[in-house]
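Input: structures, listed below.
What follows is a pair of complexes built around chain A, which joins chain B in one and chain C in the other.
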Partner chain A sequence: MTALPTTTATAAAEASSNKRSRTPYLLIAPGVIWMLLFLVLPILMMVYVSFWTQTTFKIEPILTTKSWQTFFASDTYLGALWTTVRIWLIVLAATLLVGYPTALFVGLFVRNKTTATALLVLCVIPFWTSFLIRVLAWRPMLGKEGAINIILQHLHIVSQPIDALLFTELSVVIGMTQIYCVFMVGPIAFMLGRIDPSLIEAARDLGAGFGRIFRTIIFPLSLPGVVVGAIFVSVMVLGEFATAAALSGRKVNLLGNIIVTQVGSLKWAFAAVAGVVLTVIMGVVVAALLRLVDLKREL
Partner chain B sequence: MHAPVLKPILAVYTALFLLFLYGPLLVLAILSFQSGPEGGPQFPIVEWSTYWYRDLFGLNPPSRIAPLPISDGLVRSLALALMTTVVSTVLGVMSAQAFRQKFTGSGFVFYLIVLGMMVPGVLVGLGTALLANSFGIDRHWWGTAFVLHVVYTFPFAFLVMLAIFNRFDPTIEEAAWSLGVPPGRTFRKVTFPLIFPGVLSAMLFCFTLSYDEFARTLFASGRDLTLPLAIYGTFAVEIHPNIFAFGVLTTLFSLALLGIYAILMSLSVRRAQRVLVQEEA
Partner chain C sequence: MPMASQTGRNEGAVGGSVLRLDRVSKFYGAKVALDDVSLTVPDNAYVALLGASGSGKTVLLRTIAGFETLDRGVITLKGKPVNEVPAHRRAIGFVFQNFALFPHLSVVDNVAFGLKNAPGVKLDARAIDTKVRAMIELVGLSGLEGRAVTAISGGQRQRVALARTLVTEPQLVLLDEPLGALDANLRSRMCGELRRIRERLGVTFLHVTGSETEALAMGDQVIVLDQGRIAQIGQPDEVYTRPLDARVARFLNCYNLIEGRVEGRGFATEGRLLPCAQIGPAGAEIYALRQDLIEVAPPAQGPNEGPRLPVTFVASEYSGPSITSFFKLPSGAVITVENHLSHRDPQVFEPGRSYDLTWKVDDALILARGTGARA
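Up next, the complex of A and B:
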């Protein structure tokens, strides 16, 4: 008599646990299908099309490596590849140099949580302005009659306006540094905020100067933040084209700009080759950065 | 940490850093009050005026400077952002809910979703354009561009909801289940009200990101331009202060959105506190 209810209860429990173990898959399915169809498939398609035959106005699905050969034989494309890597390295270094002291201040020196949060919010508010407007805002700053030249002339630092500020590689680097450095500040400040203050006090009590404390304690402990920031900045800078188009006067051509112009002239296969090259560079960069620190363990 | 010399130096540096972040926008805002139509997009200010703001609303007599082609784009961008917000938030809540249980393949699914926010717009945009071309699908902002906007914003919604569910107390749901409330009703009556502040944050993320999205839209939308595309189109030709005025207005719009979010957020927090007080009483 007692056995019967127990078995039904177990059966019910089994059925419900069965149902529950299937629930995550049902919940996750729409999202996964969406990502496979509209993220993975397009990337695969790009790889596939890079091997198609390009004629003047159309592409045909006849496999060939001709677009690849053209890419690596062309000075324009290789130049764009080199420019992309160079700008990426410069901007990465610049965002780190510009961002680190701010992160140090916010994460380590401001011990009041509210003030630290307020400072980070101040850093994020400019993101509420459209990306394109933020890029464009550098034109009246850097131009020959721009704000920076006017200020420099008023302070008698220069007598002639500096021409080289706008529509050069420098203007692209300045613009990108300003737009992306916050992605460096955030993660680093987060990691610095988690450092136990007694660790630093102990080092100080033992007679270490700030330089030594920074080198042996602060910087190593902030490294996961640097890596996360570097991944954000790298991926975004490598995929850039709008800043270069708006601030360089078409003098700086990144791989992203090559893709845009090739698509504009219906050279789909070349655009796809440039896209695949960009994907490979990004993959290598992110993998290399992830090897620097074991993020799963550190975060 | 007490470093008597270093702290003020870093404080001054941080102030300069903020100036670096805000400087260009301040200059842009000042120049938006340039006189028109002859005043250029640079200093000096010939005469302070709201000419370019009136220009945006078509209130000025016709001049040689064409008005910004933004009104259609604005409607499209708002509609697109709204569609994206709804779909991404629903997908984000569902996926994060799934991650509350351990399941095989969860690691792969996590990276697949996060990939959506990491892969640059140029690449997915190009891939989608190629895909649409070879299947003979017309590219439209409400079709190909819309699915990419979801690919981009859904990971943000997912991560926000994941963080919310991490701090969520599952015993409340279990209490409802043990009282015989079916799971669907439990979600509507117990879980959803509790995660609502998170849902609101996810929606804010999705809306602002989609509204401002540019690279993906450039490749994946057809001839009808969204707002960022219309703005990008004006870059190639000579720029005028009307685009600065437009920048100021969109920034104010976005900040207003942020304000509404803050109000809704504090309201829902206050309601939660009231419920708590009632329960205790």
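Up next, the complex of A and C:
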């Protein structure tokens, strides 16, 4: 009588521990299956297709490196590659330059958490409209007869409208900086908000002025936020094509634009090559950024 | 104000005092955080600033350090007014309650921070290293130099915080409840350490604490702060044996405070007139009796010699070296009596039985209620 309940209890405990040990796998299974089917498999497929034989009207699964050779021999593609890297670096620097002070204000100088959250929500408001509208809204702003030129002329700062504002690399950079800046502000503001105010007071008490404190305490402690923000911005900018298409008047061709055109003209192998190149660049960039800080320790 | 006379005496005598506060006030909206605080902190001394939470002791410390601005009054450091001097140029050390160590720096880099980043004279790397290592040795952290501050114990962090402040050679070190984050065992050890380190360096420590035992044990001088005002300044034994008012006495946690009023040469309470050695300040209405100076006797029939109050025994509490007994007065108020077991065997009392409490007339104090009632 005494033994029986014990055995049942043990069995039940075993069953439940078995169940518990299976639970994590069940939880992760949908995600893993999804990623395998729709991320890993397509990437492998992309790499595979990039070695297929492309003729003008059809593509055949006969392995060749012709597409790769064409890609690296063509000024158009290499130019696009270079433009992508350049725009990415400029936008990354611009978002950091605009975003860090903003984050510094929101995360460090606004000590009221409610106000800080409200300010961050304010940053997100542009996202309540669609991507296309946000991009196209820059046209009436930057155009030859756009808002900025009208204002500058009215203030007699310029006599002739500046045409360099729209349909140039500058307009692409302006548009992208505006769109992606918030992804830089958020993570940095989060990290800055976590800095214990007494650390800054302690540094002041030890004789350090604000510049010193920023360099030795605030910036190093916010670095994980900078890295996370930089990863967000990098991944999104490297894969961009819409902003460039809408604001450059097709003058700025990014790798993303190349892929869109190639797919449009059914040149799957070329598109795959560009896709692989882009994926490799992103991988390298993310890996390099992650080496800057030990995110596991910081978050 | 007990300190007013002392402030006057120290006028001009800059060498004797490292810090002086003159009629310092600070408000948060309608709330008065510091109310007309004047005090002088002598050079090369350990001063304990005692106050309950909300008494303004941390605000006072932060004001001295320069983290908060004053609404009124003058703070003088080594003879120079520092009201307009920003915190990082005041040369005052501040040890934070939570230590506020820089989490991304090692022990050495934390300690060296002040030497590397302070304005003015730049030391070369060798000189910094020598100073830092000497300080690390002084606080007993040798061998942990390269450790991350997140990988050491609470007591060790406390020492890093102390070393980081002391290495910059401040004239005055403010410690904001420095032992609050440590466990009891470590706390008593750090008490001795703090005194030793201070004596070695000859600087002044202003140690804020909410614990009366800590304040009495550490301070060469004890300042009691109550509701933003200075309630008492004095030597520890002076504060302990002669609290200035009932609020200080209550805060010391070792006095029985009996309500009543002065009548003629005695104190009327519990339907009796207790004889008094001194009459106490005007409006005094508290009879303060130290818990360890009360005798318990069987109810007496004879004539009263000296003060005596009838009580009923409630319960006892054993606490190692002493035993604490609780008695009820006729009015229902509870009197605490502490007996140190080293003096004699514990008396055994029977719950519900009547006893008489007696004490020496000279041991009783007649006190005013304190700042709260005066305001």
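In this text, the second predicted complex is superposed on the first by the 296 of 299 C-alpha atoms of A that agree within 3 Å, B and C clash if a C-alpha of one lies under 4 Å from a C-alpha of the other, contacts with A are read in each partner's own complex, and residues count from 1 in each chain.
Everything that follows uses one rule, which is that contacts are C-beta pairs under 8 Å (C-beta built on N, C-alpha and C of every residue); 3 or more make two chains touch, one makes a residue touch a chain.
This one's a predicted model, so the numbers in the text were calculated from it and none came from an experiment.
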With both structures lined up on chain A, is it a clash or a fit for chain B and chain C? fit
Which of chain B and chain C A:G79 touches, first, second, both or neither: neither
In the superposed arrangement, which partner chain does A:L41 touch: chain B (first), chain C (second), both, or neither? first
Once the two structures are placed together by chain A, how many degrees is the angle at chain A between chain B and chain C, based on Cα centres and rounded to a multiple of 10? 90
Which partner does A:G249 contact after superposing on A: first (chain B), second (chain C), both, neither? neither
Examine A:G283 and indicate which partner it touches, taking first as chain B and second as chain C; both and neither are also allowed. neither
Identify the partner contact of A:A203: answer first if only chain B is touched, second if only chain C is, both if each is, neither if none is. second
A:T216 contacts which: chain B (first), chain C (second), both, neither? second
State the minimum pairwise Cα distance, in Å, between chain B and chain C in the overlaid complexes. 8
Touching both chain B and chain C, residues of chain A: 201
Residues of chain A touching chain C in the complex: 196, 198-199, 201-209, 212-213, 216-217, 220-221
How about chain A: which of its residues touch chain B in the complex? 20-21, 23-25, 27-28, 30-32, 34-46, 49, 61, 98-99, 101-102, 104-106, 108-109, 111, 119, 122-123, 125-126, 128-134, 136-141, 143, 145-147, 150, 178, 182, 197, 200-201, 210, 235-236, 238-242, 245-246, 256, 259-260, 263, 268, 271-272, 275, 278-279, 282, 286
Going by the contact rule at the top, pick out the chain C residues touching chain A in the complex. 65-67, 86-89, 91-94, 96, 98, 100-104, 113-114, 117-120, 164-165, 168
Across the complex, what residues on chain B touch chain A? 1, 3, 6-7, 10-11, 13-14, 17-18, 20-25, 27-28, 31, 41-43, 91-92, 94-95, 97-99, 101, 103, 106, 109, 112-113, 115-116, 118-124, 126-131, 133-134, 147-148, 150-151, 154, 158, 208, 212, 214-215, 218-219, 228, 231-232, 235, 239, 243-244, 246-247, 250-251, 254-255, 258
